[in-house]
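Following this line, the structures themselves.
In the two complexes that follow, chain A is the common piece, with chain B as its partner first and chain C second.
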Partner chain A sequence: MKKYILALGLLLFCGVLAWPPAGAAEIPDVEEIVDRANRVAYYAGEDFRASVRMVISDAQGRTRERQLIMLRRDVNDGGEQQFYLYFEKPADVRKMVFMVHKFLDRDDDRWLYLPALDLVKRIAGSDKRTSFVGSHFVYEDVSGRGIAEDNHELVEVTDSHFILKNTPKDPDNVEFSSYTMWIDRENFMPVKAEYYDKQDRKYRLMEALEVRSIQGHPTVVKSRASDLAGGGETVTEFNDIRYDLGLADSIFTERYLRRPPREVR
Partner chain B sequence: MTPGNRIIQFSISKPRLITATMVLATVILGALMVNVHVDTDPENMLSRDEAVRIFHNQIKKEFTLYDMVVLGVVNEKNPNGVFNVETLARVAELTDFAETLSWPDPEDPDKIIGVVRRDIIAPGNVDDIRQAGPGQVRFEWLMPEPPATQEEALEIRDQAMANPMLKGTLVSEDGRALGLYLPITHKDLAHRIQKQLKEKIAGFSGEEEYHITGLPVAEDTFGVEMFVQMAVSAPLSMLAIFLLMLFFFRKLSLIISPMIIAMVSVICTMGLLIGTGNTVHIMSSMIPIFLMPVAVVDSIHILSEFHDQYQKTGDRRLTLEHVMAQLFRPMLYTSLTSAAGFASLALTPIPPVRVFGIFVAFGILLAWLLTITFIPAFIMMLQKESLASLGGRVKGGSSFLSRHLRWLGRVTISQAKPIIALSLAALVVAGYGISRIQINDNPVNWFAPNHPIRVADRVLNSHFGGTYEAFLVLEAVDEQETAVDAAQLLKQSISGLKPSTARQQEINAEAIGDVDRQAPLSATPDELFAALEEKWEKQLDMSSSDQGYDLWSNMLDVLETVRGRKQIFKQPALLSYMEGLQEHLLTTGIAGKSNSVVDIVKKVHQELYEGREEQFRVPDTAAGVAQSLISYQNSHKPDDLFHFVTPDYRKANIWVQLKSGDNKDMEEVVQAVEEYFIQQPPPIPVSHNWAGLTYLNVVWQDKMVSGMLKAFMGSFAVVFLMMTMLFRSPLWGIIAMVPLTLTIALIYGLVGLTGKDYDMPIAVLSALTLGLAVDFAIHFLQRSRMAYDKTGSWREAAKIMFEEPARAISRNVIVIAVGFTPLLAAPLLTYKTVGFFLAAIMAISGLATMIIIPALITLLEPRMFPRRTL
Partner chain C sequence: MNRVLKIFFLLPLLLSPASAPASPTMEWLADHDLELHGFLDVRTGARLQDDPYEKDFSLAETRLQLDLDGDAARAIFKIKADLVGDAVAEDLSAELREANLLFLPLDFMDVKIGRQPLTWGTGDLLFINDLFPKDWESFFIGRDNEYLKAPSDALKASLFFEPANIDLVYVPIFNNSTYIDGSRLSYWNPLLARVAGRDFVFADQERNRFPEDSEFALRLYRNFRGIETAFYGYSGFWKTPEGLDPATMTLTYPRLAVWGVSARGPVWQGIANIEAGYYDSREDRDGDDPFVRNSEWRLLTGYEREVATDFTAAIQYYLELMQDYDAYHRTAGPFAKDEFRHVFTLRLTRLLLNQNLQLSLFSYYSPSDDDGHLRPNIHYKITDQWAVEGGGNIFFGSADHTFFGQFENNTNLYVGVRRTF
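Presenting the complex of A and B:
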């Protein structure tokens, strides 16, 4: 009997420690959460370089690999951005380059350089819900979904997370009916998102598997996108991450598609 | 006392015990029927461990392929066909609706069964790659939302027509039809899905027609209708048999007994079948239909004899003893031969046919046991008065049937030679017919021509490349390659790089040195490649000059080219070969279309070059193919690629669309592929194999035909031996086989002459023919021998034979032949076929027995009755 009382006491004690949750007094406005999360996830630093390795597994457990060098440069914080993705693997797409100029007020500009065909191709940027080179990530996962495209609702605040429900303003343009997002209260990093289809069935899951602080920026170094309906997932790892390299504007131009800049070597 | 006599004495003295036992057995076995498990999947015609079936399922899994329900929307009235605002709006609505047709699996609620949403082929769910302004390509749903204007509708048409993956599959070339392909997780959901689609469509008004087809629909619908059919046809047949017996015997109380025997045999057999854990398959569902005629035949013999004899004695017991003395042996033997005929099906390699054969055989023996025990018991239990008028009114001497039979008896004796000559001529004609038999089956053709499924099949296959699918799978043949071989190849390729500068010469030499050093350290080529890649990538990173960077980069390209050879379905030479193969398939006229990774590569390549027609081709290099394919994977459904090729690019699937599901057509396509591979060997060795429901049907048909032939030959021999034993004379044995042989020859000759396909039901009928056709001969010969013993001459014996024995045979023929005519009205052709052939078997074998056997006896009298003629 004594043991139980002790256990109960301990439990109560712990409960008191955890209550009230840290910073519960000041829960920011939902738009502010969204805005901060967006900056933390996609706009850390002035620019960014990483070696990215993707392992795509299908429902049968067969895997494929993609390896690429990613350069990002923010034209203005929270706004226009530039991406330069240089492919190293699979070997038969080596030197392939994918470049994006991201805009908030109009469709992105996207270029694809195919070295084997010696062809620079513009890819229409209107639909960002297409797969990123066959992985379970879509373009929007890589470059960020415009925060103005959804209505946001703070559905729950836990000890550690803000839980937001996001409903698209233009549901015809996307394949989901809503997605629920978990945002770390500490650093405003989105760490999980669950997508629901038009029949309101959960079909897609995105997770930050590992977050590390690099040059003072919380950074997702490992993430996963899972297809809950069909099976299969893609795990992405970021290595050799560097912020604020001082990437030149000129790198993100057509000129560098055929001839990769030093920064990716 | 003979065994027959002992049984009859027991039945006569203990009628109630017999009846009670029978009722109890029926109730117990009948109760087992509640566990019924229906299996309508023709795939189960092959056993689970059959190689082709394992391969089929492996391919389905490997390429994520599903069985498809095909929903065709046809608009013949609008000048633009289906490409108008209204029709496309309905198509979009239907697609949305189809997407909802999935449910949690009742057995495993975490799993979703039904329509596989992501793999639906519909305008709103397929990706199209198209030009989006100058120099831009775009991956876009073909129809993200229904068009608002006619121009937009036509634009959708033009886009679809320009996409070889869609034209002929999603849209018909004439623009009048659109096909929605709904992949389903389980074939046995096809009927449910079809029903719900139909309900949805019923709510539409408009000028479109809707058709639903696809093998799973045909197969599943057949299963459902089959059971309805059983519930309708079997009782109708019973009723017809009942009415005819009433007509012949005019004694309601008497003729109830054969009905009871038929019912009890069917219930006990089906109960046992279900109780022993067997599923009720398409084949076993036909057991009642096959069992009923056999079950009543013996009873009719008894009743016929009893009916004719009763008036002479006026005593049940005496009459029964007389009847059973006459009939016990022939009934035993007819039952044994019938059972043997069906039991022989156990030799076929097809599980459902085996089950069918064994249980029908069981049912026949059960019916025999019931006949010899229950019929006497039943007669004993009747009120004596109710038998008083029996046979009285039907004067054997004057009825229409009797007069003609007597006339027939005289003819067989006077015209014996012409009869034999005529029979031989018939045999020759039958032989010609048999030589023309066409072995073919198609589950869709199991439905009557005006059945909605047949109509849908005709309409949709006239518009599209074909609604029947088969998968031609090409696979790399493994070649053993050592690290040394790979090193050799690498060095050759590096030497092929003509050095133009000293630096290049240096790097080439260094690379060759690396290869030489690494090769002995590597166990496999893959290890060698990996080691070199790591090394050279380091070189690349360390290059301070652009020149060094470029040169090492080229070296990595060389490495990749050598390594990439294993990914054979990125090699342009093999893709071009497949292109040729696909073109060759079209020349058969049966394969209306085929889709493969080649079509994807060509289409993407074309769009990368502004949609220029001359760029609709396979790129020149493997890297060009790889980069076209990775571009393709930037779509909404990148995994669509892996319906056609495995991620290791070692196996490819050509989805062949056939306009016909006829096995003979599938066989022709298979043949065309074989020829192509012989005439033009592939540039890289690959194996080729078929999968897909349409192909599976061919495989089990082949097994069925050869298996049936073997089973038939075996049981023919067994029956002949039994006849020889029964009559203790090979000559009598041979004569007993004559009507049966002629019947089978004529039946199958007829099949050949009329051009009717030799399909599953027809094949199974051979067993039934064997069982039924020999019955009459046994009765006739056994009784002839008895009559001869009595009279001492065939001329006199024949007179006896064409009285009661001939009447019994005739009654049997008529009852069963006419009794199964309700089957002719069935909407399922298999049932029609069975009905028609049952009637034909009875008529031919009955006539052959009563005409040819007496003619033969007339000619062979001295040899057949040697002692008497001495």
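Presenting the complex of A and C:
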């Protein structure tokens, strides 16, 4: 009898060890998921170039278009970055340049160049939740939200996704109370995010509509941001994507604000 | 209703096909690495009060801008020209805004030669070390902001080195600013000791000799961890006619040299800037010539911040300090300027409707002159191609001879519509 009890106990013990089922043991720590997702979504390669087309639709279905060339260079992986955005459309913003030096420990430095005036303007940009060029994307969607700005909680693991709930550490600084994020388990690409307002109503949705592997990096080539409360959406397409062009540090300086580098021409 | 006015009204009709250029033309241009863009802009503005010396309309014009760009591996050229039908000046004219070639002779050097807009310095609608020509008339009647900058006919060489970058600008023949001469806007006339306008259009003595009337400008600049610093130098002439030839009663552009510095960087979630300059009025170094403006020190400092989402506020303080004030004051007469001119500015910008509607207000106020200038503006982008705007240029002051006070009778409202392509 004792033997049976012992055997049963052993079985149970092993069963506990073996539970949850195989594979689940590979579930990384939530902070690691967040860190990897951040690197996959915003830091792939050493640098990046793409032609970006945005179609902004309002609640009445009227559309506007933005087209720009985007250059990105990582100063250090997961940290400081430089962005250079060269506008092609619409015609009234053609040849304007928006440049960002992104930092984690202080506000980003932002510049705008207005070619008709030959004016290099410094932009006071502490609010990263402002709409990017009138679209339904905000600045943070373009350059990434600092992972240290939120508390992260792994709420569910499905066959294909990690589902994380992110709560801002400083809720007064943002318009949302939390957002839920779906991260592809295979490549760690965030593919969906739902934002909840202060009354806990879902009001904003971001989706990766198409992810492709480019030079070995999973890359979102089409995404959509939808305003669930007010209506309207923006669809962004990335074309002519290239990684690791060897972009020089000097491109992200006043020199190339005043005269575009060959990488965008 | 003369012929020019008819042209003005017909121009939009005549040019509307040009606002949607035929696609074969565009294709041909694209095949040759050329791009053609531009806009058609119609705007009108009127005084809100009677001005005994000026017309009621301050602005009534149709403007077609064509902008042609070409891009080769080591050179970029640009030609930008406006065709303007102006019903206030009653004339039809072509203005060459830009015609320049940018080339890259060395890895550390860019050169731009030809007609081009040039801007540097940190002030917002206040200028100390930016001694490139402005068009103050356009600025005060409600043309697009682009027209505040008059083009320079210049050679600009930019050199990029590790310790600092250098810009050198050479203007072979002086480019003056468009000053308020009375032809369209009334102004304080010191000879008549009253406000004047079309009854006394102040002529200037053009500086057009080569090489005596050349200008040189220099900027040395460097970015220290987000803080942009610069040193400036200029040798040329007062950009507006700050001299008077008593024999001919015409305005002159006396010699001027300027030295200055600036810094701009992030401070407490905003952008702060400071700039100073010394204006060396070389034809009146003792300050005792009543017909030439004295030397002066200029200082400005500003701060801009996003106070709420899509709402920014910016303030500036600006000072002009006249040198040798006693010498000036002895001969200046009853309408003498103060030794110190203080100016504050406030800019408020609010974006609404997905940033398609912009409400803005820029205001100047001088406590020392007790005068000011308000510039409200509403700009709405109806579509990516069509935009409308309306605004005002409001002048006030307790005296007729101060900088903004003299323009009181020019207070105007304007509206405009623009189609870009």
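Basically, the second predicted complex is superposed on the first by the 242 of 265 C-alpha atoms of A that agree within 3 Å, B and C clash if a C-alpha of one lies under 4 Å from a C-alpha of the other, contacts with A are read in each partner's own complex, and residues count from 1 in each chain.
Going forward, a contact is a pair of C-beta atoms (placed from the backbone, for glycine too) under 8 Å apart; a residue touches a chain by one contact, two chains touch by 3 or more.
Computed from a predicted model, the values in this text were never measured in an experiment.
Partners chain B and chain C clash in the overlay (superposition on chain A). In the superposed model, A:D172 lies in contact with chain B only, and not with chain C.
Contacts of A:A91 after superposition: both chain B and chain C are touched. Once chain A of one complex is fitted onto chain A of the other, the partner contacts of A:S131 extend to both chain B and chain C.
Once the two complexes are laid over each other on the shared chain, residue contacts for A:R255 go to chain C alone; chain B is not touched. In the superposition on chain A, A:L112 makes contact with chain B only, while chain C stays out of contact range.
Applying the stated contact rule after C-alpha superposition, one finds that A:Q60 touches chain B and leaves chain C untouched. Looking at the shared chain after the overlay, A:Q199 reaches chain B, while chain C stays out of its contact range. After overlaying the two complexes on the shared chain, residue contacts for A:R122 are found with chain B and with chain C alike.
In the superposed pair of complexes, A:N239 makes contact with neither chain B nor chain C.
For the superposition on chain A, the stretches of chain C under consideration are 185-193, 311-319, 329-337 or 401-409; the one running into chain B is 311-319.
Residues 58, 62, 64, 90-92, 94, 116-117, 119, 122-124, 126-127, 129-131, 133-135, 175, 232, 265 of chain A lie at the contact with chain B in one complex and at the contact with chain C in the other. Contacts from chain C toward chain A in the complex involve residues 37, 39, 71, 73, 76, 102, 110, 112, 116-120, 145-146, 148-149, 158, 160, 165, 221, 223, 226, 228, 264, 266, 269-271, 273, 304-306, 308-310, 312, 314, 354-356, 381, 383-385, 387, 418, 420-421.
Within the complex, the chain B residues that touch chain A are 61-62, 64, 99-100, 112, 117-118, 132-133, 135-140, 144-145, 533, 540-541, 549, 553, 556-557, 559-560, 563-564, 567, 570, 605, 608-609, 619, 621-624, 626-628, 630-631, 633-639, 641-642, 646-648. Taken in their complex, chain A has these residues touching chain C: 56, 58, 62, 64-65, 89-92, 94, 101, 106-107, 109, 116-120, 122-127, 129-131, 133-135, 175, 232, 250, 253-255, 258-259, 262, 265. Considering their complex, residues 58-60, 62-64, 90-96, 112, 114-117, 119, 121-124, 126-127, 129-135, 172-173, 175, 197-199, 201, 229-230, 232, 265 of chain A touch chain B.
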